[in-house]
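Order of writing sets the labels: A, B, C and D. Residues in every chain begin at 1.
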């Protein structure tokens, strides 16, 4: 370290000497470059002032005493900035460790709470879920029933990041113990509602949408707990309709009833499920309209479901300048035959 | 902000003027204090050099051109430090947000995964569990059976912080569905072992110790999955013995058998369960010996169980200079009647 | 707005020329010493990016002088490889870690307004404005 | 080891005296200009803590001169209220956030060796050493 200091003090002096002789912009450019390398070598700002003092002493030995004293004054003023600069280094290391820890946790979350998109005859499924921070507070889950039915859960914890992800694990593990393929959507929400109400802070809310698709009957049965409304694309009329539901968010009171609904899904129809991270995108200062989401989906509707959701995500990612405001989850199911 | 700058530039000039006149230590003390307030007002280091230049110009108008140029050179060298200083501010805000998020998660972990120390006639229970980071990777759980028995689980995920805490939630929620008061310790470990093996990354290990105390028979039944050995204090002989067990850590292979053991607990006997955060304390460079833990426990053995564990923790906290290396969990049960 | 003055960036030496021009304009507008240095450093960073990553490019300066305020506007354009991951390039740490050394977050801090557009294999355009305090 | 020189800290003015003494000793030992300033700042922080939080106290200096290296050793002692949460006081952020302004993490950074002992209602003892480079 001392050797680096001596080298840099020499460099500084030489550059200053050149500047004093030429007074040209090139010397200023060179000291700017040098300062970047000083910072990388962990040289503190008060050390730079010291280099300046040394250089002045060597280049101008007959320098007025006044100037020498004034430089010592400046040096004293800089010591605190030197401490701050060291704290900055430490903070960068801590931040790096912390981010690394969260990375591991995020990856573990993927392992523990992840789900596989099932293969169901006659249906094309596309799913994308991207967290705003490193840990995802949106949750989704597929289950293929013994009777060939498809169960889809989608949930959103109010909040983002680590607390939301922790809360989500409670949902997942509770559901793990349910015989989902024989429970109805409203029964599942009922059960989860009681789990959440028992366990979770009153300030924490979880929205959820549970749907079951029965391929043999081409019917979709669903219930919602305050979740962002999904959409149904009617292929025959080429129109999108909002899937209207009633149902309180999970966890408010233990005895809430969840209405259950049913709809027919015809060939080429689509069902779109999402979280508010999709519909509450921002374009600069402006919130987008839900029609915009549908427009973008329509634009990519010719693609397979998975590519559709991927492209829609990319569109909104760019729109928000690569800074998601909330966890983004989008699922599209299309009946193919 | 500009007003603060003008005020501080004035302050700097006045202080420098005083220093140039008196050349005394008091002026240097005063500029040191001023620099702390400059930093709090977000004034950048290159701005300080600029204040110096202005002050020199005003106090020494006939200053040699050479010195002016040399100061401009120093200023140029400082710009990069100004950028770094601003990055430091931003990083502190980010760090603060991140820590806050983890705090919320830690508090949620307490809510979701917490357990209450039960009241069991004739037994005095003391428990303390302190995470090394904000989130606890050690887990413990009490259950009071319908037959008056006491079930105690203690687990340690290899690792610390957020990933470990996430993994722990899987243990907790799995156990939530077990009829613990009718399952034997080895059956519980068996079941958890399969859960962990199915779900968890091969690199992740969880150790666990499960014990059941049957107060009517004064018997302790227990099994261990690679957990840190506990200790048994024999009141009659005034001796500590290690509770030896065999059993693989959870999650290695799905078919591991967990031997189950039984011991009699006489009046005034103690059972000590802990994680390796206790036994692997460090005193400077030296790891402590397990005897030291027992010595400290002996030292406080006259106290009620809860105060005992609290004091033992404080002892090792001080020893490690207030920086825990691993999550610290210690439980002591004493049979009183 | 007054007419633009542009500097072509082909060789490392052109970075110095751009700095000089920018500093002169800044001085003319009335920026103080430390702001002149900050402007020169911002120009340096933008010009250096062109020099290092694109074949060639240009930095143009404009004086903005209206009712509300006076300032300098600089636009750095190149038809280089473009920036693939803008989010990552704008993430802090790029400035002083010496990573790829693009230093764009630093430019954003030195100036008052900052806009970045880039397309892979098409090029990059950075616009930055600093107002006289 | 040479004999100690101590300064009693009762009034704010004594902080200046402690700085002066420490700086003179540092100069005598052969510390360079910037290290002298760092030593003075460290002394300032320790003395200020005594002045602000304890009734009175003392800072003593020793010159360490042995085969291996030369350095200055400062010990700040007070019988004040003591520090309740040493972990928190030593956590970074205390130095420049202006929080309680104890600044002990800063002292730890300015010096090479640092030791802190404190007991609630008994007092505090900080020892710090800086070696000539």
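One rule holds for everything that comes next: contacts are C-beta pairs under 8 Å (C-beta built on N, C-alpha and C of every residue); 3 or more make two chains touch, one makes a residue touch a chain.
Note that the structure is predicted; figures quoted are calculated from it, not measured.
Chemist: What is the graph distance from subunit B to subunit D, where chains are linked when they touch?
Modeler: Each step joins two touching chains, and the minimum needed here is 1.
Chemist: Listed by label, which chains are in contact with subunit A and with subunit D?
Modeler: Both subunit A and subunit D are touched by B, going by the contact rule given at the top.
Chemist: How many angstrom between the C-alpha centroids of subunit C and subunit A?
Modeler: From the centre of subunit A to the centre of subunit C is 30 Å.
Chemist: So the centre of each chain is just the mean of its C-alpha atoms; given that, what is the distance between subunit C and subunit D in Å?
Modeler: 46
Chemist: Which residues does subunit A have that touch at least 2 chains other than itself?
Modeler: 28, 32, 36, 39, 49, 72, 76, 79-80, 84, 87, 91-92, in rising order.
Chemist: Where in subunit D do residues touch two or more of the other chains?
Modeler: Residues 37, 40-41, 93, 96 of subunit D each touch two or more of the other chains.
Chemist: If each protein chain is taken as a node and each touching pair as an edge, is the resulting graph a line, ring, star, complete or other?
Modeler: other
Chemist: Hey, which chains are touching each other here?
Modeler: Inter-chain contacts occur between A-B, A-C, A-D, B-C, B-D.
Chemist: Tell me, which parts of subunit B touch subunit A in their complex?
Modeler: Its residues touching subunit A are 12, 15-16, 19-20, 23, 27-28, 31-32, 34-36, 38-39, 45, 48-49, 52, 56, 60, 63, 66-67, 69-70, 73-74, 76-81, 84-85, 87-88, 91-92, 94-95, 98, 101-102, 104-105, 108-109, 111-112, 133, 159, 161-163, 165-167, 169-170, 173-174, 176-177, 199-201, 204.
Chemist: Which stretch or stretches of subunit B touch subunit C in the complex?
Modeler: Listed in rising order, the residues of subunit B that touch subunit C are 2, 46-47, 49-50, 53, 72, 75-76, 79-80, 82-84, 86-87, 90-91.
Chemist: Sort out for me which residues of subunit D touch subunit B in the complex.
Modeler: Listed in rising order, the residues are 13, 15-17, 19-20, 23, 37, 40-41, 44, 86-87, 90, 93, 96-98, 101.
Chemist: Applying the document's contact rule, which stretches of subunit C touch subunit B when the two form their complex?
Modeler: 32-34, 37-38, 40-41, 92-93, 95-96, 105-106, 109-110, 133
Chemist: Residues of subunit B touching subunit D in their complex?
Modeler: Result: residues 24-26, 28-29, 32, 36-37, 39-40, 92, 322-323 of subunit B touch subunit D.
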